[in-house]
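See structure below.
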Amino acid sequence: MNPPISSAEGLAGLVFLVMLAATGFGALIAVNAERTIRAVAGLALCFVGVAGIYYFLQSPFVALMELLIYVGAVCVVLVFAVMLAEPRPEQQVGKRNAIVGGLSFLSASLLTWGLVALANGAAWCKAPMRINEGSMRDLGQSLLTTYSMVFELVSVVLLVAIIGSLVLGRAGRSKA
Amino acid sequence: MNILDLSNHLQTYLTIGAFLFGIGFYGLLQRQTLIGMLISAELILAGASVNFMAFNRFLAPDPTVGQIFTLFIMAIAAAEASIALSIVIAVYRNYKTIDVVDVADLEG
Amino acid sequence: MNPEIVRVLGYIVAIIAFVALNAAMLVWMERKVAGHIQRRIGPKEVGPFGLLQSFADGIKLMTKQLIVPEGADVPLFKVAPMLVMIPAVMCFVTIPFSEQLAARNINVGLLLIFAIASINVFALLLGGWASHNKYAVISAARAVSQNVAYEIPMLITAITVVMFTGTMNLNEIVMGQAGGFWHWNILPIAKNIGMVVLMPVSFLIFFICSMAETNRAPFDLGEAESELVAGFHTEYSGMGFGLFFLGEYANVFIGCSLAVILFLGGWQCPFGLFPGVHWFLLKVYFLIFVVMWARWTFPRTTFYGLLNLSWKILIPVSLFNLVLTGAFIKVF
Amino acid sequence: MIELASDKQKETFVLNMGPQHPATHGVLRVKLVMDGEYIVEAEPVLGYIHRMHEKMGENRNWAQFMPNTGRLDYLGALSYNHGYAAAVERAAGIEVPERAEYIRVLTVELNRISSHLLWMGAYLLDLGGFTPLLYAFDDREKILDMLERVTGSRLTYCYFRFGGLYNDVDEQFIGEVKAFVARMRSRLPMYHTLVTKNVILMERLKGIGIIDADMCRRYGVTGPVARGSGINFDVRKNEPYSVYPEFDFDVPVYSEGDSMARYMVRMDEIEQSLRIVEQAVNRLPEGPVMAEKVPKVLKPPKGDYYHAVEAARGSFGVRVVSDGTNTPYRLKLRSPTFSNLSLLAEVARGVTVADAVAFMGSLDLVIPEIDR
Amino acid sequence: MGGYFKEIFDGAHSLVAGMGVTLKYLFQPVVTEQYPHVAPTMPDRFRGHIELVANPETGGTLCIVCGMCQKACPSGCITVAGEKVEGVKGKVLTKYELDFTKCSLCGICVESCNPGAITFSKDYNLAGLRKEAFIYDLKKRLEERKR
């Protein structure tokens, strides 16, 4: 199938390309930017792209949660961390020396290459049938039936995280 | 494969997942500050999530599994970010730096 | 050209035009409301009743230089105002102005608005931090704490509505309220007599939270001019400031239209006659008037008073409300 | 931030409030050392509008200094006119006719109401409420119009002369004052509904910026600020001057010492001033408004004289030292807000910026008077 | 618990009462003066800058060049000069200059003037682009007014 750019599918394909670009570009900024704040901005851009990719994977719910949680919460928390613990201006997001940099680049590209080769080389077999459509209703149902235990555990983890960060955050404070 | 039709192929998603994972891995090795490392870790998680979602869309018999897994990853990531923030602040209070090497030098 | 693409492009252009025009009208309305509340007449020189004043101001802002302060993070400084504007425009995509008049009818429309609106916070933070100004940083931190604190009760009350209506599709929520004001979610006498007590509380919490979320007085701590000069947009001039300003009004419109859709029956007429876009706009502008009226009546709260209001009153009440809603839906 | 990053030892940073800042009402600069939103140290920096009024006094003759007094405190200019005129009259031994004294009291009290109204509006502006300012201006405008018709000026009146007044009031003025008193009495409940009882305002003012009576004495604080801390001191009662003893009025005193108490003192003072104005208008005696035999070139006998009046912001004292020539040998002006402002450093320690603004506003600062 | 709800209720009540006040004023007529369209009238005693009084008989000035105003002025903004002219008693005014940039409108000069030769003008629209625009030659202004 070869959709023309003027059709709806073609436009969707174009938007998908934009999302891919945002993801990749954002990720590159996130690891290469000199200043922490720009790295966080890059991370946010990357997450917006990832949300778009999720949307194309037919799960708008997860896409919106990605925006809500990652951009609206995690990135904001990171910016707060930057504000409260601003690194020295001369080495904002300090990098290790050139040898380590080169080595890590090498190993990371090897890893990526391996994964990509695996992804493209393997013969993925499609599931014979689908038991549901993966819609929001199905999602909610399985979240509260099959995965209810995990759901509860995650809420415990979140509670522990809240209490833990409160304890850690208050510990060093000189006055209330 | 037409470039405008990329969104319908599993390989596209696996590649972008691998790419994110690789970048995150590179950043984790490369970065020296706690926040920088945290950012890289988030990228690795994002790469993994994209993979889950991709398999969920194209291969899984029950297409809610991958979504639920991704949601859990998000929850964990949020918890991780909040804990990491407080650790960063605690470290900064004590050492006035968030550089991991400096913290190690101080034998903290 | 494919008609689908024409439709998409048409909607994009229409939404952007609407956002800009709406903001201009709201600025004019704000100044008129403020003026008459204070027993003066507000703008009157440019155009009839000063209607064109906002356009004159807009032209002035556009011709001004965008000054980038020394030490600012230039790319982020320039991106932040756009980041305020883009989510605001995107939210309009899913707002149903009338049964047919909606750019995109999405199943998770409510969630979409909340998700996209959360980007707004990030933009304020970036703008404040990139300005390299202490007032801006303090203000950005304030704005974010405020947004986080008020997002919780707002989401909880939105969930009560979703529980009651059983859908997150904004179009369907409005459809469910057809047939006179006794069907509206704020006083659902015709549907569920138990909810008559709870829904007004939900509405009030939702409305207060949307005022706080959009940084409107008396919750305008982010730009508290007597403390922080102008807050996160202290350093912005020209259209940089203009975009923050437009974004604020667009957000006010979104907040009020969400309240109208969730509680006041969207485009439905109070007596079941001639539903249409005019009812929607009438209700939204009335709520916006209430927001302005409150702004020009009250002094500003303090930061801690604001957080106390959220954590001590709004969140417990909304949680209690949520539990009771669940119970009432089962009982009645 | 720059300081945050470079100053590793402390987590504080310096924030400049002023010299051009919406909350400082003029060119006051407050240097704040902040820890987050909390103020660690506050240091008022003065001198941005210093005009050497005292030195100017030494280089002008007695009468020529009169216009300067109105420029010290441009919101309550008549009290300052009164203080200077009374001090020089005491030095030169000039008797002021009764009608002139009545008109002085009448206009000074009107001026006090206008000053308090403006303060109320501007204070609410500091707290983020815009509308009360305009309502207050509406009432204040009436006073300004009346005073403009009598004195010829709206702010810097320069209305009093040694031995009396620049000119007499007319019947129209008397009628306007009576109408104004009635109008203002009907407006006060509106202010209380709109402003005083507002829960947001109460939350912002109650318990904020507490000053105790001992602190007031240490810093020499006077006026509504001291009366808000339970000190029953009013120059009009304690060292009566002019014809104040003939009037029946109360001195509002609140003992809480917080911003709300100071706010309430001023609001009650508006009522008391209305009472004085009403009595003065009803009992206005006939007679001349200028003492006879006031020499054209004034040369008070050698000596050291002091006279204090109760201005809108506290006790305004004028000390004149005369060497018998036609210019003062030394002129010392004791401005009330200078003492009141000196509290800031102590009270602002450990409070948030918003509360500091609420506290600073409640002091009713007029910067030209502090700098002189 | 009762206190908690009472607090909320009282707070809400005060807010509604405040909004009632502003709503009432919203529908009342405006009180501001629409300045450029409606010009205010200055009261009789308005103290503008000073102006020479025209002699009702001759149309000239009443000034006798005694210099009292110049001496009385605290800011030294008045410059008066005169000369002897044959056949006229006293001096004749040749120059009366007011430096309005220094003037504080106190009116001491008007009080000090025995012949009543100066008075306050009713000008309030005083703005200019240059400092020199505020150095008024009052004699010239008097002559212009006469015409």
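Order of writing sets the labels: A, B, C, D and E. Residues in every chain begin at 1.
Note that in this section a contact is a pair of C-beta atoms (placed from the backbone, for glycine too) under 8 Å apart; a residue touches a chain by one contact, two chains touch by 3 or more.
What you see is a predicted model, and the numbers here were worked out from it, not measured in a lab.
The central chain of the assembly on a C-alpha centroid basis is C. Among the other chains, E has the CA centre that is most remote from the centre of chain C. The chain pair C-D and the chain pair A-B differ in C-beta contact count, and the higher one is A-B.
Separating the centre of chain B from that of chain D, both taken as means of CA atoms, is a distance of 63 Å. Look at where the CA atoms of chain A average out and do the same for chain E: the two points lie 69 Å apart. Distance from the chain A centre to the chain B centre is 6 Å, each centre being the mean of its Cα atoms. Averaged C-alpha coordinates give centres for chain C and chain E that are 49 Å from one another. Counting only residues that touch two or more partner chains, chain B has none. Residue positions of chain A touching 2 or more other chains, listed in rising order: 61, 65, 73, 80, 82, 87-88. Of all residues in chain E, those touching 2 or more other chains are 15, 18, 21-22, 25, 31, listed in ascending order. Touching chain E in their complex are the following residues of chain C: 33, 35-41, 293-294, 296-298, 313. Chain D contributes residues 60, 63-68, 71, 131, 135, 138, 148-153, 156, 158, 166-167, 190, 193-195, 197-200, 202 to its touches with chain E in the complex. Touching chain C in their complex are the following residues of chain E: 8, 15, 18-19, 21-23, 25-32, 34. Looking at the complex, you find that chain D touches chain C at residues 1-2, 13, 15, 21-23, 37, 124-131, 134-135, 138, 194-195, 198, 200-201, 203-204, 352-355, 357.
Taken together, the chain B residues at the contact with chain A in this complex read 2-7, 10-27, 29-33, 35-36, 38-40, 42-43, 46, 49-50, 53-54, 56-65, 67-68, 70-72, 74-94, 97-99, 101.
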